[in-house]
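Below: a set of structures, written as structure tokens.
One chain, subunit A, appears in both complexes that follow, with subunit B as partner in the first and subunit C in the second.
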Partner chain A sequence: MTDVSEKLLIVEDLSTTFATAGGPLPAVANISFDLGRNETIGIVGESGSGKTVLSRTIMGLQPRTNVSVTGSVLLDGNEMVGASEDFKRRLWGTEVAMVFQDPMTSLNPVMRIGKQIDEALRVRLGMSKQDAKARAIELLELVGIPSPVQRYKAYPGQLSGGMRQRVVIAIALACSPKLLMADEPTTGLDVTIQAQILNLLDELKERLHMSVVLVTHDLGVVATRTSRIVVMYAGRIVEIGATRDVFANHRMPYTRALLESSPKVSNASHTRLITIPGRPPNLLKLTQGCSFAPRCSYATDKCHQERPELQAADQPGHSFACWNPLPTTRGDSAT
Partner chain B sequence: MLRYVIRRILMLIGIVFIISVGSFFLIHLLPGNITAVIEGPGASPENQAKLFKLLGLNRPIYEQYFVWIGNILHGNLGTSFISQTPVVTTIGNALPIDLEIMFLSQILAFAVAIPMAMRSARKPDGVIDRFFSAGSFTMLSVPSFIVIILLVLFVSIKLGIPHTGPSSYVSLRGDWIGNLESMALPAITLAVGSFVVYFRVLRSDLIATLQEEFITMARSKGLSQRRIMWRHAFRPSSVALLGAAGVNIGGLLAGGFVVQYLLNIPGLGYTLIAAINTDDYLLVQGIVLVVSVGVVLINFFFDFIINIVDPRISRE
Partner chain C sequence: MLELEEMALVERPEKKKPLGPLFWLCVGWIALNIFGAIFANVLPLQNPLYQNYSAINVGPSLHHIFGTDDIGRDIFSRIVYGSRVSIAVGFGSMVIGFGIGAPLGMLAAYRRGRFDTILTTFMYILLAFPAIIATIAVLSFWTPRSVFKIILVIGLASVPLVYRVIRTATLSVATKDYVIAAKVQGAKDRRILMKELLPNIAPIGISFLLIGIATVIALEGTLAFLGLSVTTPTPSWGNMINESRTVLQQNPWLAIFPSLALCLFLLSLNFIGDRLRSHFDVTEVKL
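== the complex of A and B ==
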């Protein structure tokens, strides 16, 4: 454990395949990356690129049936792949916790929010009823919910989306996890609330010394909040590196397309955003070649026939999977 | 919540009024002449006419209704012309039997249906689920009078347990073991019909609830499967179950007479059939009214429970 203790999370060659009526569906394929303590890593990609499945697989939260997971996830020295539900249950909440995407559906609608926080404290940490309640109110205060004593008794339906997401965060933080998986934590929220929630996560990460995996489709979200970025497409990593390098020196055309399709403050008003033509591929019908090739303007015959492996770029830790990478030292796309 | 309850109570009063009118007038449409029954065969038409007048049956029917309903408001359902006992007394003797059968059968039905549904929902279409579903379907298609006969055949004749066959009703006063024995078969019979419905309703709702994101969330907190099932999945899945129970229990109160008749249990259903056969229309009216009001109250009660279970319903 001594040599792995430097890294909180080591993911190696992780693949998640669903058995569907149409055949095996490789939702996540051959993912490898690691995460240090107190570090934030961003996982970006379009809807359907496998981000959510990846984050759930890392946590071991994938559905119990019709799914096969291979590779390795070492979480603080604990192997999550192939572990029993009982084993993982002991890590959930205390080692790793998740902030879910949509606060409208991730809270139990018929349970008071206080009870939903209490529960983890009482079951996992063995707190008494009074202690758990006091701690739950503290947590509500920590995530910035006004009049937490009254809110403790509220049902989720009585709170706004932003407040509910704060409750979800409070639940995730309840047992002081070392790793927080934030799966598109702001997608279901108003734009004005998004920044508040992200800043809250940032602040809590510093205060509680957590590591964070921030999953999002919005590069603007990860730009200032992460030290490294993983860009995913069709279940695979297509580019990975320090945030600075990925923004300034991305080599994969997909990364550039993602960057160009997110709005920037420097844009003149009424600037038309560039969209990525086409749609993510059907994972049941993947070709031999690069899965982005059908939508890529640089694609050659080779791209359609052979899949590029990750190769190292100039900067340490930066790699990309592309046969026709963009020229290096492009600095103009940085936000 | 308070406004909701008040609204429901006002509705309740309206419904009870309509039921009282309905049960009164419908019964007066029945053929048969009470005076002939009371005076027995060979009664002279003059005597019949005299009695007809004496009983107030010559007055306009709406007047008769108001006399009847006025008495009911004073807790008086009239005195049977046939047995000369107050209707309230007869019903008071029979009703507890119905309530006991109902209570026992529902406890039994829930005790079997809930764990079965939870087990099934854990792995839909798994071996256990298929077995339970097929079994419950089979039960659903066997009518209750067949179930009773088979049960009597098996329990009373093969096993020879006393108090379990027809004409063996033991009152709850005194011998409660004997009473439970005599209640076992009717309760089991009614439970068989109920548990199938409860199992199927709860199973499908649990399966849907278990797909919800908040279940994954509960899982990610590190809660045990059992706790997730009972604390997180059961309550939001039980709305349809409670609705079904309300309708079903009402139905048992109104329709339990097949079981009572076949097993000679002197509950309301049994008494009602006897009253119809003897043209004892005051007793019929009284039972119909009590049963209808009971059905309405039971549904009201379950609606109320549903509101507590799922606070989203009354908030709209």
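== the complex of A and C ==
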């Protein structure tokens, strides 16, 4: 294993369980992965697979009650699980920042955007009013907002969705965090704007030497912009590995199903997209076996009775959880 | 392409509609009322308690512009003096109600957990008990009734109502992403309460405050009508309306003028509140 200091984020055996009226709900179970500096990792999975809960747990953002978190999240050497609010507050903004899903609701509608950016600068970094304003305008320029001096005084309601998401990113970048959590940063945006925002994130990552956790349900988003991918299903990792390996040599049928259900440019027009039959399982009624078994065409009796653990694949760093993995010879061009 | 976009973005001045003459008329009217209430004993008014038995139940005239009541007191002067009680009760009790109810409501909605559960249950129990009966009960025994006591009782009775409205408003804001966003930027609780939550619930709070003032002034009238407001002969708009009831046939002016004063005051207040809200609303996109 690599030295602790080399990895920015080490998640180990992380579980988040909500206490609900129907019993314990394991939204995230036994997740382990790590993230190097200046690396982008993608977390993919369909709705309800626990992506958002995972990213919030890594941030240390849980409701105050009815939740138990076990395991460990080491963020640049700081343990986030079980840390006090005060401790986490010191890390938020400077160590880790978050870009939210919907730019329409992640800006305060009654505060000028400039003020929303320079508040953090003044409170957290102790900048003077003039310095903070100058820096805020710099940040607006950095995220590609035209005429930032005028925009500094705008209210969120005066900006378009894409512009707002740029502002959200500028706010997240204000205190130069080492890790940026982007929870579906493009879901609320037009396709053309999506590409712009993702390219912007990529560019900023390089320029500011950040690491990025990109949470998404869109495999097209992670394909070219991440070095590794975590595939989640029902709160667990079902496949993890280098992006190239996951795309070309995936072993888990769920990963294949996800890949097949995203449209490709090479498809003939009017090709019907392949869908995954059934729905994600009810996390309150998980069975003994593999959570994906009920929807999986390769499932055997064993799949229904025993949960597969993550096992190493041929490529280093690539592992999957499946009793009947897809053959490796398939699509081996990448290796 | 970019030029076009820039033009569209840059040249969108924050041009605000002027508040309009009606707004200023209402402000003027409220100011006049408050001015009258404060300087009633300096202004050249007739003594509101002086009973002129040679002019009973006379209609509006040059000497008594609003006429006199059934024991010969000048109605105009009594309305001006009466505004003191009405306005003091209206604003005073809302200061108490919001002073206690609003911070508790915001805190409960932001903190959640046991604090919220206990406080909210307690407030809902209070709400289940009709406030008017509690007010009547307390004021019946707590004599002699003064403006201060009435303000205190109505103010305290309004706390659960204010609490409920502010708590609900805060709840809907506190779960918004921008509050979490502020939190993960390292903002402290007090900052989130003051900078993120307060400005966003302010429009609801102000609307409710103005409706509250109006309701309380009317409630003071109700109490006066029951003889539970300030002890006579001190006039208030409410007890003037109450006294007019016995002589409604002979002298309708006695009911009309204080009702008109009450009505115009409340109308102006509500209109001002409404205009201010839409004037300072930055969440609506203005194109």
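Keep in mind that, in the parts below, the second predicted complex is superposed on the first by the 328 of 335 C-alpha atoms of A that agree within 3 Å, B and C clash if a C-alpha of one lies under 4 Å from a C-alpha of the other, contacts with A are read in each partner's own complex, and residues count from 1 in each chain.
The working rule: a contact is a pair of C-beta atoms (placed from the backbone, for glycine too) under 8 Å apart; a residue touches a chain by one contact, two chains touch by 3 or more.
Because the structure is predicted, anything quoted here is derived from the model rather than measured.
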For the overlay on subunit A, clash or fit between subunit B and subunit C?
clash
Classify the contacts of A:T40 with the two partner chains as first (subunit B alone), second (subunit C alone), both, or neither.
neither
So, does A:M98 touch the first partner subunit B, the second partner subunit C, both, or neither?
both
With both complexes overlaid on chain A, does A:I171 touch subunit B (first), subunit C (second), both or neither?
both
Who does A:E119 touch here: subunit B (first), subunit C (second), both, or neither?
both
Using the superposition on chain A described above, determine whether A:L107 touches subunit B (first), subunit C (second), both, or neither.
both
If we overlay the two complexes on their shared chain A, which of subunit B and subunit C does A:L61 touch? Say first, second, both or neither.
both
Touching A:S319, do we find subunit B (first), subunit C (second), both, or neither?
neither
Mind sorting out which residues of subunit A both subunit B and subunit C touch, each in its own complex?
59, 61, 65, 89-90, 92-94, 97-98, 100-102, 105-111, 119-120, 123-124, 155, 157, 168, 171-172, 174-175
Please output the residues of subunit B touching subunit A within their complex, sorted ascending.
123, 212-214, 216-225, 227, 231-232, 235-236, 309-312, 315
The residues of subunit A that touch subunit C in their complex are 59, 61, 64-65, 89-90, 92-94, 96-98, 100-102, 105-111, 119-120, 123-124, 146-147, 150-151, 155, 157-159, 163, 168, 171-172, 174-175
Along subunit C, where are the residues that touch subunit A in the complex?
2, 5-6, 9-10, 12, 14, 112-113, 176-178, 180-188, 191, 195-196, 199-200, 202, 282-285
For the complex, which residues does subunit A have touching subunit B?
56, 59, 61, 65, 85, 89-94, 97-98, 100-102, 105-111, 119-120, 123-124, 155, 157, 168, 171-172, 174-175
